[in-house]
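What follows is a pair of complexes built around subunit A, which joins subunit B in one and subunit C in the other.
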Partner chain A sequence: MRLSEVMMMETVTLTPKAQPDLYIDAENITPDAFAGKTAEEIAAIHVHEGNQTGLLGTYFEVSGKGGATAAETKIVIKGDVLRVKYIGMRMTAGEILIEGSADMYVGAWMEGGRIHVTGNVDAFSGTGMKDGELEIDGNAGNYLGAAYRGDWRGMQSGTIRVHGNAGSDIGTFMNGGTIVIDGDVDVHVGTHAEGGTIIVKGNGKSKIGGQMVKGDIYVFGTIDVMMPGYVYRENVDLEVDGTKATFAMYEGDMGERHGKRKGQVIYGHIYQKY
Partner chain B sequence: MAKIVTDVVCPFCGTLCDDLEVKVTDDNKKILEVCNACVIGTEKFLHSQAEDRLKVPQMQDEEGNWKEVSIKDAVEYTAQTLCNAKKPLMYGWSSTNCEAQSVGHEIAELVGAVVDNTATVCHGTTLIAVQDVGVPSCTLGEVKNRADRIVFWGCNPAHAHPRHMSRYSIFPRGFFTGKGHKARKMVVVDPRSTDTAKMADVHLQLEQGRDYELLSALRVALRGAPLPETVAGIPRETIQDVAATLKSGRFVIIFFGMGVTQSLSKNHNIDMAISLTRDLNEYTKAAIMPMRGHYNVTGSGQVLGWQFGFPYCVDLSRGFARYNPGDSTSNDLLRRGEVDAVFVLGSDPGAHFPISSVKKIAHLPSVCVDPHHTPTSAVCKLHMPVAFVGVEEAGCAYRMDNVPIETRKVVEPPEGMVSDEEFLKMVLKRVREIKGVA
Partner chain C sequence: MAEYLIKNGFVFDPILGINGDKTDVAIKDGKIVESTALSNPKVIDAAGKTVMAAGVDIHAHVAGPKVNVGRNFRPEDKLFTYEAGNGVKRMAGGFSVPTVFRTGYLYAKMGYGTVMEAAMPPLYARHTHEEMRDTPILDQGAYPVFGNNWFVLEYLKNHELENVEAYISWLLRTTRGYAIKIVNPGGTEAWGWGLNCNSIHDPVPYFDITPAQIMKGLMEANEALRLPHSVHIHTNNLGNPGNYETTLETFKLFEGAKANNDFGRKQVMHHTHVQFHSYGGDSWGNVESKADAIMDYVNSHDNMTIDLGCVTLDETTTMTADGPFEHHLTELNHLKWANTDVELETAAGVVPYIYGKNIKVCGIQWAIGLELALMAKDPMRVFITTDHPNAGPFFRYPRVMKWLMSKKAREAEMDSLKWAEKVRDATFLSGIDRELTLYEIAAMSRAGTAQALGLSSMYGSLKPGLQADVAVYDYNPETAEDPELIEKAFGNAAYLFKGGEVVVKDGDVVSNGNKKTLWVDVKVNDNPQVRRDVTEKFLRYYTVTEANYEVNEKVFMKNPYRIEVDATQ
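Take a look at the complex of A and B:
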């Protein structure tokens, strides 16, 4: 390896200073936008409060500098950013650490890299995620890892891990990737899924796997009401995200269309732990 | 002396009946009698005749005292409020004509506002589902002439759309439906025993909030796959019977209302109902239609769709159109404190929104344009009274099946009163001046 190819990680630290009156769209808080920039240049990057265009430096104290590329750039946000949307949107590489809670659309359409939030995130986080890693220590809102409205291509790949609970409509139209929720989830899990894996370690409610064509949903806790289109097949011993246990395996959704492979119909699966 | 105006369109509900006859005085100033309309439609016409009707704009001060202002002052306040806001919300649009909606959207684009209509608390979820899975629909004329399997899911036309069943869905004798209601099978799905449900051949009285499961079960039954003993409290055999009834029809129409669009699962209920309709088309002809409430909420979706590509909650604040219910919808914006001014026209959020949202409106610069003094006017800084569209002003409206109908002017508005469109044009002119655009 030549010396010039050695990764030189640089860190940019954003410390919230002024609260916006309304909310700000900050889709430019990404390693991609910060790479190759000094603190001064980063402070001059645009953010949007309603119909007004402002500067990142108005709302944040900026220190450090971006690395040569996105992959070499780490962003640390010190504190809650409850009125900031779209952090890490479409990022392709690098890292973001939010030491606190953030608003909607964290890591929406992200394509690579890693986001770690020590607090909570609001709705639409990981929307249409293509790849990368999103880890939330607290709770996530509704539509985690779901498709954008009208899009039939939801989460494609990558991993979302939530240590707390998640809201409703997680993994809608999911095509691939993995979502792991350590806590409980609200209604609608993996609706219209055509692939991918969702693991709920707490309890589910109802409407799990509705209209699912393909994909796997694991629920460790209770399911209040099973969708009528699921049929119990057999018990299986599995190791799921480090837990070895026996699961009841259901196939469905029987009301939905399904493809065939080698003459066999491929269904979606719900596994419920005993 | 009096004369009769024929073919009048009722500007109340989405049925948009176009066969009314209204008796007016010779000078076109007063309505004497309304024929053919249902009770609520008649009321709408007679309301415009109220003696104590507000005719002059009013502004409310900090202490809640109202004082009369000129139309010029009202235009000025509205234009300044919209131009000074970072993210104004322009809400309503469902009880006005398409012409006014279009002018309103021009203002919204200039000031960077969010435009939202009453679908946001009504059939917005339907629009989400249509975007997700498409929609096989038809016109009410096709229903009248062809449909022999009628499903009312979570709606109560006997009260909300009183002439719907007699004009289109149950009783009329159409081209291929010469026997009227005798040859039609009526299925009502509702957790309550409504007056509509009492007329049904089959009433599926399901558990509250389990529409998604029941719709799914019907799809499973259509495919002949096994079902649990009961779904949503309905026995398996009943579900299979209903599936067979629908399959055996020549033309199935599913009408649905707010009982499914605003109960648990919301857009997913409609998504599943549309999927059921699609599945039925493998056996027979089937269509699905939302029972839209306000007479021109469909038109608002049409005009927004034509101009910006999305049917409601369109966020223009960044200079391009964005849309995401849950983020750009009125109640989410108000609840979260995302907007700093509110303009309401052709709806009454003061009466229909949660109190937490209404309180937010009360604390913001706000304008209410409405023929009546409504609960919304009570919390707004400015109330602008206008002429009744569809009674004192003509214009285009869209029926619930997306058919545009030109409404008629029946009488003259009181002296000096302007229409929604005229008021909006004055505001637009002033906004252009403030923004310095030609």
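Take a look at the complex of A and C:
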């Protein structure tokens, strides 16, 4: 049997009804939690509003049902969920489509599957991401794809793509994976990175690649202030996410400890498009 | 108060010499009594279960400023660990540096009733007591650190032992402390100069005395003061390949010394987390276990006790008053580092550490911790600890017990190490067939620790008259074969009685108990010089006044429990 014959995709639709007074923590809005459940069972799943425990069904009209597994479950959220945090947290497979904007921590620590947001997301989206895909049609807030506070193990793998702008501190302590921002970014990009790729197609500000020991940052637009710990090496012709161009290649951050491979010191790289 | 009769359990009590016999345990008015003293007891059926006195932990870092630095600078340690409040329990979380609530709950779930905070910086005694006050259930005490204290160094340099004694008396009373802790004697003071004392004969900068003189002097003062506990030592050169020689040299300082006290304590010196002090070789490439040499010495000298400091192969947070060591560690693992100097007294550092199964040295450390216990001839002198959280979190004790009680379990762990064969080559563990009995485990986790702390009249046994701290574990020693049952049972006590009250039932905390904080009030002859020196040091050097230094027990303590000693003779 082919995979397509085995997989039976089911869709759960969540339509926001009551706006919570406080913000709700909805780490259970995941294909993993919804799999194998009926609409009624899904409506009975817990969410937290402040220190009170409530039910998903209080805030959403639930229709459809979960698939047999997370991979066979798609969740569609109809409209803005500006007071809902942690959608898709730690999901391992399946799909979430948010037709609107969401609050913080969308796809935080996600391990697989795909999240697509047609509006904006607030801070900490894709925090500690291990794998999977996160696509934002609008803007993303601060700390996109960054490590959790205190942790030195940030984004490991997977892809984050933002079609608008992103805030500050994206990709902090990044270890792997790719973040692509079509628009501009605020300060602190790839701070402490030990791997991974960040592509900024708009403009950067300052503190790009600060304390980065390994990894690649591409900036297509301007950089207000280059970190003093970076040294220009050479011009290189590259194709980056479909764009062919000449880039100025810098190595750094010279203020940091760097590993070696085959006798060669490994640096972080910043590539700025001409 | 309710009366209880715990019936038909398999009782293990090294003090009473009960080795698994089915014996009833009677509780009345918070104490253990003869069963004939009961009139209308509630009967607890312990048939098929193991019954012991509640556990007594002699060394863990569970309260105070460096523990809190660990909590503050490791938010990631708390991630996904929080549990909402439920019943009598408050919200609690954290892994290697849990909140005070989680600390109390998890110890209670393991059937522990008493936990000693192993290093209290005197200047921050108030903070330490505030945290202990807020730690539910557990009886606690804290050891102020003395080994780098300017008063001690000056008096010892001048051979003024009486002044050392008077100062210890003053400090224990002022900080509501329990015992004399010594951490990297002289080395932590040297760290203030960017230096260290790597051997017990390295002179301390400015003070010009040696770690050996500090340790020996404090031991003599301890015995002159007739304190309940002995000096509690973490010697120099911790965590370095080849350091077992420093450890043996330290042990030898106490040769021939005799304990002097009215508390039933037999040792003159307790050395803590000996695993970190038992390394051979001269680099991380050839480091090897010297547990054999260490235990040969310990086994043949009954005036000392040790605890293990078992590595549990977890991600954890190291924290110690051994400031230079933490700097050394952050240079090794490149993880974040906190460091502080505590004026006139000590220092501290904190660094996260991952004991990985794919790192050879971590496997060797894991093996050494277990070897020390498995080579012990007298389990009343060798105690189970993980130097929480330095070698692993305290809630792994049930796992350590499983490894100690089952060769099969530790071989399975050994086989799961990436460098199993290299670890085997550098250690003795796989060649040891011994499996500890529950009787020996009871000695290493309650009877022996209570005795070494000078608290055998309160804890560690089920002898009538003792505080009714009793643990019941759902473990049948006659039928249990799967070693996993050990870990499960000892991590989820069927019952914990604390002061005669049920605080844990079926692995769940049902009461916050009525914790006590123990401290030692040792009376010495009036010593005007020390009084004058204290006043002068506060005026000249301390950034706080004497009045803002002392621990007011009404404000900072819950149920202070004063242990009086008269050393005026």
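FYI, the second predicted complex is superposed on the first by the 270 of 274 C-alpha atoms of A that agree within 3 Å, B and C clash if a C-alpha of one lies under 4 Å from a C-alpha of the other, contacts with A are read in each partner's own complex, and residues count from 1 in each chain.
One rule holds for everything that comes next: a contact is a pair of C-beta atoms (placed from the backbone, for glycine too) under 8 Å apart; a residue touches a chain by one contact, two chains touch by 3 or more.
Computed from a prediction, not measured in an experiment: that's the story for all the values here.
**Student:** Would you mind checking whether subunit B and subunit C clash or fit side by side on subunit A after the superposition?
**Tutor:** Verdict on subunit A: clash between subunit B and subunit C.
**Student:** Applying the document's definition of touch, where does A:148 land relative to subunit B and subunit C: first, second, both, or neither?
**Tutor:** both
**Student:** In the overlay, answer first, second, both or neither for which of subunit B and subunit C A:188 touches.
**Tutor:** In the superposed model, A:188 contacts subunit B only, not subunit C.
**Student:** Quick check on the superposed pair: does A:211 touch subunit B, subunit C, both, or neither? Answer first, second, both or neither.
**Tutor:** first
**Student:** If we overlay the two complexes on their shared chain A, which of subunit B and subunit C does A:231 touch? Say first, second, both or neither.
**Tutor:** first
**Student:** Counting residues of subunit A touched by each partner, does subunit B or subunit C come out ahead?
**Tutor:** The partner making contact with more of subunit A's residues is B.
**Student:** Touching A:23 in the superposition: subunit B (first), subunit C (second), both, neither?
**Tutor:** Touch status of A:23: first partner only.
**Student:** Can you tell which stretch of subunit C collides with subunit B among 150-158, 168-176, 294-302 or 330-338?
**Tutor:** The overlap with subunit B comes from subunit C residues 330-338.
**Student:** Quick check on the output: what are the common subunit A residues between the subunit B footprint and the subunit C footprint?
**Tutor:** After superposing on chain A, subunit A residues 148-150, 152 contact both subunit B and subunit C.
**Student:** Where on subunit A does subunit C make contact in their complex?
**Tutor:** For subunit A paired with subunit C, touching residues are 53, 147-152, 257.
**Student:** In their shared complex, at which residues does subunit B touch subunit A?
**Tutor:** 85-87, 111-112, 128, 131-132, 210, 212-213, 216-220, 222-223, 225-228, 231, 264-265, 268, 271-272, 275, 279, 317-319, 323-327, 336-340
**Student:** Would you mind writing out the residues of subunit C in touch with subunit A in their complex?
**Tutor:** Contacts found on subunit C: 73-77, 79, 84, 334-336.
**Student:** Mind pulling up the subunit A residues that touch subunit B in the complex?
**Tutor:** It comes out as residues 21-23, 25, 48-52, 104, 123-124, 142-143, 148-150, 152, 173, 187-188, 191-192, 206-207, 210-211, 225-229, 231, 253-256.
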